[in-house]
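Heads up, there are several structures right after this.
One chain, chain A, appears in both complexes that follow, with chain B as partner in the first and chain C in the second.
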Partner chain A sequence: MSRIPLERKVLGENDRIAAGLRERFAAHQVRCLNLISSPGSGKTLLLEKTLGSFRPDRRVAVLTGDIQTDNDAVRLGRYGFPVRQITTAGACHLDARMVDRALEGWQLAGLDLLLIENVGNLVCPTSYDLGEEAKIVLLSVTEGEDKPLKYPGIFSRASLMVLTKIDLLPYVPFDVGKAVEYARGLNPAMDVMELSAMTGQGLGNWMAWLDSAATHGMP
Partner chain B sequence: MHEMGIAASLLDAIRAELARYPGARATRAGLRLGEYSGVDRESLSFCYGVLVEDSGLAPLALDIEFEPRGRDLDLIYLELDDE
Partner chain C sequence: MSRIPLERKVLGENDRIAAGLRERFAAHQVRCLNLISSPGSGKTLLLEKTLGSFRPDRRVAVLTGDIQTDNDAVRLGRYGFPVRQITTAGACHLDARMVDRALEGWQLAGLDLLLIENVGNLVCPTSYDLGEEAKIVLLSVTEGEDKPLKYPGIFSRASLMVLTKIDLLPYVPFDVGKAVEYARGLNPAMDVMELSAMTGQGLGNWMAWLDSAATHGMP
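Showing the complex of A and B:
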């Protein structure tokens, strides 16, 4: 009997493909962002408002992941920018290979910004690097301010937390200060913003964050 | 739930390491699982138990070393029956 010590990443194959994507994004100066939240927190509506406020010559594209349906790609496709649906057929997350395949035929040289909407899930997408520059976690005010404590994996990795649906704050007990305190307890460097994609409140901050040339920390 | 996929990746990682020791049989594998890895320990144990049966590697025990506040999901050792 002998014990062989090892240090091998279980998701090493995904990490390898993600590293390849990250190199390609860097070579073409494409900023890639991975949006993660539980189902229905408002990822697609925020992306719709984002695309809707870009100038038509903005070099942006979107990949959107769902287990079933191309509903989100249909919603996002109305704004004149390239959009592709990734249907995972059961998988609860996107992985780097899916992103790599979905990019086939797109000229990265023609893009500055690639927005990826992950499958609605606060757990599984956490483990899979997609080659993104930053993960963004969305938390809607109807979900409760304790979510960073319950799902520390994603809140500890995200560079930005977006509190969504703040137009509903008058109707739900949600302590913004606590949500921020819990998230920063895990991740002191995290950026935080509040917005309502519905009313447009706070969208300016979000657009400024997207445009900022600053590096928001690697995942 | 993505623990089935993770368990399958773990078995692939074990096979890849074992390939370096022709003729050896593994009896035990060690995994370091970070609290923030996004992977649930109980669920992974269960899925591993199901998949290892048909993997051609059974019996192959899995030890999970839990790492508080860690992010790792690493295969950290194999025990070989090399007689």
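Showing the complex of A and C:
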């Protein structure tokens, strides 16, 4: 990506704040994961199922980003864990300053895991480091297996690709093998997982991955 | 959307170029439509079916935008109509200058209809006028009926909302009535259409809408 000077300056400032967040997360042993996908790929539903699967004493919190509405925070707030909405007022991505502000008043020492749901956008969130330990990209099988080729930025940088809505595989022309081949062509070390948050298929693997990430760091 | 000064400047420059494009389209009676959606909502497949439905003497051309790859131009180039790929090299939207450059060497006098497929992104393309007569937003039923609320920018500005992939309605929790209610709450004059490019259902309405738009301007 060729960047105009101002964009470089904005990203430089973002990186500075993100580095501070990363230090704080490390100091308190909080694993922070940044979930990125297109609109409607199933980030919120997956997080609902995730929170619903945790024991009540699990030390987890969620920040959820949207351009407008606090619908997602309402959906996610039902599970008894701390949830905060970041409304970006038009911005197409979360940045480190928004995350920094949203964390005000939270005791990071009380957390093991911080899940960040980014704004639904497969492009812009990729460039903004939030201090996370890893980016996770969700790709729903309704979107087509060519997306890693067309949006290489996020598929190059994500530690894990979650193929969502696999209950719809019988009804859509989606080639799982090709999707994985395209993604690993950009990013050979990428983990891949298939699930349906709707039916629960594959959720066990996802929860095990999260547990492992929260305990041992990225696989 | 609150805009930083540079963003205002960039958009001001874009608006100036877009105004020039709009004048040229008007001078040659070319109707230009700007298709915007999330990644994987079915823009390219709908355009393939559209081009495949036109008579060979139809005076139509397509510009198709992507961050990487010319896959869409290859797919769309099979139908015998002029097609050009705009590869944005990282940019998350098309802008008027890209369109201006891509039109070089084309005789606008030979066209009635110019279809522009924007980069897959429900946010950023909204702010960039391309000199089009109308924006069309596609929303696939797999994305959820809440998207007009969460991405109000494009749903406020589009003349037509096309609900795509309606063949999947039996398998997804999508409330068509609510989607329309949310979109019209932002934009009471918006046209709405439902179709499946895969099965062909609703394509007749779409072709009729396009014909009417190309002949008489926006409904």
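Some observations on this one:
We adopt the following convention: the second predicted complex is superposed on the first by the 202 of 219 C-alpha atoms of A that agree within 3 Å, B and C clash if a C-alpha of one lies under 4 Å from a C-alpha of the other, contacts with A are read in each partner's own complex, and residues count from 1 in each chain.
Following the convention adopted for this analysis, a residue touches a chain if its C-beta (ideal position, glycine included) is under 8 Å from a C-beta of that chain, and two chains touch if they have at least 3 such contacts.
Owing to the predicted nature of the structure, the values given are computational and were not obtained by experimental measurement.
In the superposition on chain A, contact of A:G65 is made with neither chain B nor chain C. By the touch criterion stated above, A:V123 is placed in contact with chain B and with chain C alike. With both structures placed on the common chain, the touch criterion links A:C92 to chain B and to chain C. The partner of chain A that touches more of its residues, comparing chain B with chain C, is C. When both complexes are overlaid on chain A, the residue A:L6 reaches chain B and chain C alike. Touch criterion met: A:G153 reaches chain B and chain C at once. When the two structures are aligned on the shared chain, A:S38 is found in touch with chain C, with no touch to chain B. When both complexes are overlaid on chain A, the residue A:G202 reaches neither chain B nor chain C.
Contacts of A:G131 after superposition on the shared chain: neither chain B nor chain C is touched.
Residues 1-2, 6, 91-92, 123-124, 152-153 of chain A lie at the contact with chain B in one complex and at the contact with chain C in the other.
In the complex of the two chains, the chain A residues touching chain B come out as 1-14, 91-93, 123-127, 152-154, 156-157. Residue ranges on chain B touching chain A, taken from their complex, read 1-2, 5-6, 9-10, 12-13, 16-17, 21, 27, 31, 35-40, 71, 73-82.
Of all residues in chain C, only 1-2, 6, 38-40, 66-69, 71, 89-92, 119-124, 140, 142-144, 146-147, 149-153, 165, 167-168, 171-173, 198 touch chain A in the complex they form.
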